[in-house]
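Letters A, B and C mark the chains as written, and numbering starts fresh at 1 in each.
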Amino acid sequence: MFTHRTALTAATVVSALLLSAACTAKPATTASDSGDDPESASLTYWYWAESDAPGANDWMKARIAEYTKQHPKVTVDLVPQPTDTLIGAFTTAAQTKSGPDIATQWATMPVLSQAWAGAVAPISDLVPATETANWLNTQENTYQGKLWGMPIYLMGIPLAYNKDLFAKAGLTNPPATWDELLSQCTALRKAGVTPFGMGNKDGFFGAWFFSIVGKQRWDSIDDLKQAMTGKTPFADPKVSGFYEALAQLKKQNCLNDDIASLTLDQGMQKFGAGQAAMAWGTDGLVSGWAKTLGTDKVGVAMTPKWGTGKLADTHNTTQSSTAFITSWSPHKRAAAQFLTWLHQPANLASWYEATSIFPADKRFDQGAIKSDMAKQIWEFDSRPGAVWPQNYLPPSVDSDGNGPAGQVITSGGAPAAAVEVWTKAIDKWRTQHPEELKKYTDWVAGS
Amino acid sequence: MSKGRWPYLYILPMVAAILFAFGYPLVSVLRNSLYTGSIYELTYVGLGNFRALFGDDVFRTALGNNLKLLLTVPVMTVVALLLAVLIHEGVRGGRFYRAAIFFPYILPAVGTGLAFSVFLSLNGGLNGGLRALHLNGLALDWLGSPDLAIWSVSGMVVWQQLGFGVVVFLAALLSLPAETVEAARLDGASWWQLQTRVSLPQIRPTIEFFVVTEAITVLSWVFTYVYVLTGGGPGNASMVLEFYIWKEGFAQGAVGLANAAAVVVLALAAVLIAAYLVLRRRSLSSEGRS
Amino acid sequence: MSRLSLTARQVLLCLATVAALAPLVFMVLTSLKTSADYTVNPAGPPASITFDNYRRALTDLPTLRWMLNSLLVTTVSVAASTVVAVLGAYAISFGRFRGRQLLLGLNIGLIMVPPVVLLLPVFVIMVNLRLINTLPSVMLFYTGLLVPFAVFFLTSFFRSVPYDVIHAAQVDGAGPGRTLWSVILPLTRPALMTVGVVNAIWVWNELLISLVFLQGENQRTLMGGLSLSQGRYATDQPLVLAVATLSILPVAAFYALSQRSFVRGLTAGIGK
């Protein structure tokens, strides 16, 4: 008898330990019994913007503090997401249907592919059209007549140059053409200056280059979509010839020598520290560099012209990241009310003040744009026809193709090898994600 | 006491734990490797996942890299043996050396890996040191070059695992009877003969265990190193099987590919597990005899 | 000749020691730099020492919360797996039932099964149990994963208990539970200690499972949180390395206190 009692005691101890563990944890999902009261909800918000817009996290924390003061029965648990797991973490959560109430993904395909998988509640069902009409760049997330997410900001990626370092090499103007860029690299190197400060350990510089320069031989974004659906081979020089341009930059020593062992953020920081003459950076990053290096020291320019397609003359303005409400959230109306509140003029103004990035809203008061550089950036961002091609890639192609292919070049490989990586990634996407391919093809046909 | 049904009651929690953590998952992964789709909607594709897997360059790179990592095993074994023999023969500060060399083994690879990723970057600590010694030619792009990245990972694996070898070999050497070595020395055996003919043959079982254990480690327990050091790059050059499974299964939702890759890992591990069991049985029966 | 070789030996061991410790020294030194200092001078020693990164690591990041989570997860999984394993190992060592050798062999084989193979199915189980993103999800999985090694290790120790001792207990009328509790366990306390130490360090250091199962900011273990800080604070390496240093400190201290048990556990795991 004694035996069994001991064994039972032991078993009880184990269960008790596990149970006590279970009790210390929060339940996985909040019950949706109370209906969906916009004034009473605890929201979880997976947020990403800081890499685009330094200052974004603090701004959002302050907004939440203010909002929850006005709506005492609402709480917002802000979870800033790291860049390299932004897509992966949400995809994992979506499989469990128990992730956040509000999530952030990059615009277009990263949002739409989640929508196609049933993880997104269209925001146009929750917010009146009179409100969404004020939001900018909503075309980036519109599908089948519905709007799937909300933009917060709108930014471009200009080329920043350091006027002092340029002067050191006897240069005054930023490069306007590709040949000019290459000869300036030589001049800068001769003067002992590193021309570019970029980083590609995480594949993001290569991905940016694809978006900034790759599009320059295209007449519209459809040229890229056709390469995804298989109508044009990716190896077509019209689509992938830009790797020759990237290889030139590498060969002519335009890029910092440690580009392959630094992440994009780390590489760009070299420009901010005055260690490189040029860098592509978001509007917010460039403004930050101007503050540290001196506003008269930093100039901005459009990307030098390399291709002759219609898109070569456009800028690359995008909302970049998109906030959306998840299909499983029990607090959709509460989430929508909070997101809409972020577009109130006072919040738009404080966003611009915090990040130097323009809010994605017609109601933003342009009078707030003061400095010459900011006016210049505003002019770039307002040019018509802007597009950010990376957003039109299926996430798995972006991750298997775009990132690694750029790394092939920045590590000294040949353009043909980079194109091969893309071709394989596109093939793999087509066989492994037949549902997404079907939706994508429909979407291409419909647009 | 040895009679009665009590043992069945006592093994119950153990059996339940094993079924939960190993039994069901192993059956499930074998079955699901024949299906594709998301976690909730599976479609039967037979061996389709395996065909796709071996047609995928990235997977082949991953497999090749895990096999390359196997080369660290002989390196670790030889170096660890050498260090263990040196310490065993009695040097000043032998205990300190043992503790210092062993120390990396117990540390979290995430923490030390972060240090390595900074240390090995082109303008990081290692190259800074090399340049200070005017060895500029050796200051390579350890993490940024596709030819070097996986070897840098393997370097960190050796750095972390070496001390484990030293400690187990040293323990085995210490358990040897002193007489045999003494007798051989009196017979005029050289240092080299002493090691290769007397000491090492006697600790052979320990060496074999170490080799098998480390082989399984580099095959299936290197995710952290790759995740923190290179993220599989540049251009997938340092992709390994675990990272591939994680990326396909959790980042991209290609559950079929991930399950099939897991089955491949399991098959490779099964060979080594069988070797391990044979070694274990041999050691148990030799213990029984003595 | 022998003198020279003695010097050569010292040099060789010194080199190995320097190689083992250099990255750690580099980590600590870098964590004492300011971010600006690091940008200008990533390789050399700090221009001036600052502890600000450690202050920020503890206040700006949920490092303490992550540590607490890790501590909780480690304690629960090690305790639970040890209790389960003690019962199992005891039955395998002293019980007479068919298949006990097979059971032992099974445990030995399972020690080596790569956790990555089990990851997806267990993930699905946790989803269905609604445990994803909660600490019990990893506790349960870790517990299961730790059992085989503990069973194997404890069995070999239990078997070394002299039969006379057990027989004497039987004569006194003790049942199996009593014998285990008041005879076997006191005699094998060092073995229990060893199992606990080895498994605790394994759980504390584990990344892959924690990364996949725990996604919420406040639910992460220290390793999960640390690995993600790498991306989030990419431009502030000294801060990241300060967190990294904090993550290894508890292990180092724990190891210093339990070095003997630990080494014993490892050498037992490998054969003798």
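Descriptive notes on the structure:
Heads up, the rule we're going with is that a contact is a pair of C-beta atoms (placed from the backbone, for glycine too) under 8 Å apart; a residue touches a chain by one contact, two chains touch by 3 or more.
Everything quoted here is computed from the prediction, not taken from an experiment.
The chain with its C-alpha centre at the largest distance from the centre of chain B is A.
In terms of C-beta pairs in contact, the better-connected of the chain pairs B-C and A-B is B-C.
Distance between chain A and chain B, defined via averaged C-alpha coordinates, is recorded as 37 Å. Chain centres here are Cα means. That of chain B falls 16 Å from that of chain C. Counting partners per residue, chain C has 83-84, 87, 127, 140, 143, 175-177, 212, 230, 237 as the residues that reach two or more other chains.
Looking at chain B, one finds that residues 4, 6, 10, 13, 39, 121, 123-124, 250 touch two or more other chains.
Along chain A, residues 3-4, 7, 10, 14, 84-85, 92, 95, 202 each make contact with two or more other chains. Residues of chain B touching chain C in their complex: 1-4, 6-8, 10-11, 13-15, 17-18, 20-22, 24-26, 28-29, 32, 39, 79, 82-83, 86-87, 89, 91-93, 96-97, 99-104, 106-112, 114-119, 121, 123-125, 127-129, 159, 162-164, 167-168, 171-172, 175, 205-206, 209-210, 213, 216, 219-221, 223-224, 227-228, 241-242, 245-246, 249-250, 255, 258-259, 262-263, 265-266, 269, 272-273, 276-277, 279-281, 283. Residues 4, 6, 9-10, 12-13, 36, 38-40, 52, 56-58, 120-124, 141-146, 230-231, 233-237, 247, 250-254, 256-257 of chain B touch chain A in their complex. By the touch criterion stated above, chain A contacts chain C in their complex at residues 1-7, 10, 13-14, 17-18, 20-22, 24-29, 44, 50, 79-80, 82-85, 89, 92-93, 95-96, 98-99, 202, 263, 265-266, 269-270, 273, 275. Considering their complex, residues 36, 39-40, 72, 76, 79-80, 83-84, 86-87, 127, 130-136, 139-140, 143, 175-178, 180-181, 212, 215-217, 219, 228-232, 234-235, 237 of chain C touch chain A. Those residues of chain C whose C-beta lies close enough to touch chain B in the complex are 6, 9-10, 12-13, 16-17, 19-24, 26-27, 30, 42-44, 81, 83-85, 87-88, 90-92, 94-97, 100, 103, 105-110, 112-125, 127, 140-141, 143-145, 147-148, 151, 166, 169-170, 174-177, 179, 201, 204-205, 207-208, 211-212, 223, 226-227, 230, 237, 240-241, 244-245, 247-248, 251-252, 255, 259, 262-263, 266-267, 269-272.
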